[in-house]
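By written order: A, B and C. Residues from 1 in each chain.
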């Protein structure tokens, strides 16, 4: 039940039910989310400074988006000048074909990958397997998840749904000469040992990109483990994969984004490593990849870009703070969503990528409490976008920009709201209804079931407030 | 049309069809302090689990030699940078390997290089960050593969903060590989428990020199 | 800072208060009248339109929003004893009505909309004497009041004026109670999981009474507390404030 699907609406209810019923899972997520929220809070002690920084983050990303096609051309030009080969992919399949072709061209045999959500999004590992390649995930969390044939449940901490006992069991069973231990240092030591061998022997390294700087043709990658450095430095060929929205204008834009990203993600002031890659090794350099490729992926982004409001989706810097603060994500975990990007940003991105007919139901798993929008470092108005997508889901407007629009519309619900409007735009009718409801309050059936399963039935008051107001006014008339 | 042109054309059409005013930049911009705060460099590095020594530049070889004796560090790996030359000239290390032949020495670097020494080209004081540029005399993997990494950095090469560093590189151009290092390699991927030495060095030892 | 002279305000009663918590509305009227303010209650009001709006049925919500904007047209403050309904008027009407003839009127309405306790605390700057016995209450601030309206401090500030009232907040006070309007029905299991945690945190405070200034949250939390058989009465903040500061049962 933990695989990604391109039709997340299917069995969403079943996955929700399973997730809510899994006490161990809920404990894992509750602990992890509390930990990450506390760490983030500690990094932003000054509320005003944080708001100014978020303004800056939003402005930098919005300025980049306003110039997106121009910056992409500039990035391509600067990268080529630096010796980085640039490839453009319109769809996930195109991207996978390009990457497979690049690996074949260098006769790649051993492939390692640093953590990259873009490659998860395009399903690269599966595509490579289909082409006869094995690609080893090298981020510790991704490695654990891949070895267990699972998918990540969080975009920053992929194995957050697992506790150390289950990882200890997995390592002891699957890695030769590994005794069972719950000592985290030893477990990481085991991962280090296995992956070191893989790094030393790899001929192709694949990575994501956090920011691409158009000014200098630089690919910026942040990480703590060093697997990003390994993947982009040791193999002879480095293939970087990024969504087209990740470009920023200049180096000067980087500091504020770097102040926001690790703090929002894991509550760190800065990550251990910030890689800034501006080309393959030069003739006179001793190490580094001989070839660097950049694969730019559209995969639906240009369609999102075409809508003024939905464009804000593309500001995202993939920090995961929205999911860390989402009360629904905290209770379901990432797998229940069935999507590469779970939580609030996933509920906004996925329906736009897959269409509302396939992922529109995701938008319902939100109480519009606003916690995500409050913490987003680039001020994506996530609740507004979720509400907008709910609207597009039931919209009959043929001009709707979102694929699968209107496909969440159910006649029964549409009729309810039509009736609701009829009543609520006719105050006299409304008063009749409320009068009836208050008078017949003891006779009302305990509906809806979805409510009374968990709560005492709703019980109207004896008299409505409006009735009281009318009497009150009479009493007070001069 | 090529995919590239189709993507760019869709973006240009989309932009023209629904122009939007970008989110306004805040009026107050962060003021870059004029001098780097050395204390914050030290405390941030230490908070990130690095070991920091401050001393006059001439003193680090003797200090490192005694530390090496204490820790029984024998097999040193270096590049051809200034720190390497100084260390070789000091002559206290039983074995110093110069890493200069990737294909010939890669296996040994991964399998039997316990400790490396290199010079950092600069640093960022407020985040406790070392700036390491790839150069002919400074291989990238020296600061990554051996489990212990000793770095020499001069106080006068520090930038006060990241904006100042970015101004510098914007003006002078980027090396092929620019790495900011703010501590030893680490991970909290297993149940949020911090472990050091995930893939890179377990230990980072910094000599901050006047 | 002197409070500006305000003699007349509109009251937007909200549909949940109308049907489920009329005493909260009565208390709001009394609290305002006691400050010498004439409360205008347009009879043509029904609901702010949130239920269809949050379900994606913008046209249906817009029809109701137009009615509110047209009817609450005098240039006097609009007081709403609910964070989420106030948020609807202040933050969502302008965009909902942006493309029609009422765009400007919606902006104007938004600018003079106040949540009740925000208005009492910040604009009227009321000062009160407590007339009740010592009591420990637990305050639940709605997400709309906290995040959309930014008025989470106002209710607490008013409560802190009351000497005999020991105010506390539940652990994870800023966490959603799981109501979310139609969310509570459409995603009832997730909603219930959230409400269960909220109820546990509230019960753990061992307070005598639960207060909130949003009827949606009250219906949700109180409904679950009653199903659990908890002896923890729930009340709208306005009603509690009115009774503690000398008002009779309205």
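Everything below uses one rule, namely that a contact is a pair of C-beta atoms (placed from the backbone, for glycine too) under 8 Å apart; a residue touches a chain by one contact, two chains touch by 3 or more.
This one's a predicted model, so the numbers in the text were calculated from it and none came from an experiment.
Trainee: Looking only at which chains touch which, which shape fits best: line, ring, star, complete or other?
Mentor: line
Trainee: Closest chain to the protein's overall Cα mean, using per-chain Cα means, please.
Mentor: Closest chain centre to the overall C-alpha centroid: A.
Trainee: Taking each chain's centre as the mean position of its Cα atoms, how many Å separate chain A from chain C?
Mentor: About 33 Å separates the centre of chain A from that of chain C.
Trainee: Roughly how many whole angstrom separate the Cα centroids of chain B and chain C?
Mentor: Inter-chain centre distance comes to 53 Å.
Trainee: Let me have the rounded angstrom distance from the C-alpha centre of chain A over to the C-alpha centre of chain B, please.
Mentor: Once rounded, the distance between the two centres reads 29 Å.
Trainee: Got the chain A residues that touch at least 2 other chains?
Mentor: Residues: none.
Trainee: Quick check on the complex: what are the chain C residues that touch chain A?
Mentor: 13, 15, 17-26, 29, 41, 43-47, 49, 51-60, 63-64, 67, 143-144, 147-148, 174-176, 178-181, 183-196, 219-220, 222-224, 226-227, 250
Trainee: Mind pulling up the chain B residues that touch chain A in the complex?
Mentor: Touch list, chain B to chain A: 2-4, 6-8, 10-15, 17-20, 22-26, 28-30, 44, 48, 79, 99-102, 106-107, 110-111, 127-129, 134-136, 139-141, 144, 161-163, 166-167, 169-170, 173-193, 195, 197-201.
Trainee: Under the stated contact criterion, what part of chain A meets chain B in this complex?
Mentor: Residues 28, 31-32, 35-36, 52, 55-56, 58-63, 65-66, 68-69, 72-73, 76, 82, 88-90, 94, 138-141, 144, 157-159, 162-164, 167, 184-185, 187-189, 191-192, 195-196, 199-200, 215-216, 218, 224-227, 229-230, 233-234, 244, 250-252, 254-256, 258-259, 266, 269-282, 284-288, 296, 298, 302-303, 305-308, 311, 379.
Trainee: Can you list the residues on chain A that touch chain C in the complex?
Mentor: 16-17, 20, 327-328, 331-332, 364-371, 373-374, 387, 389-395, 408, 413-414, 417-418, 420-421, 423-425, 427, 430, 434, 437-438, 448, 450-451, 453-461, 463-470, 472-473
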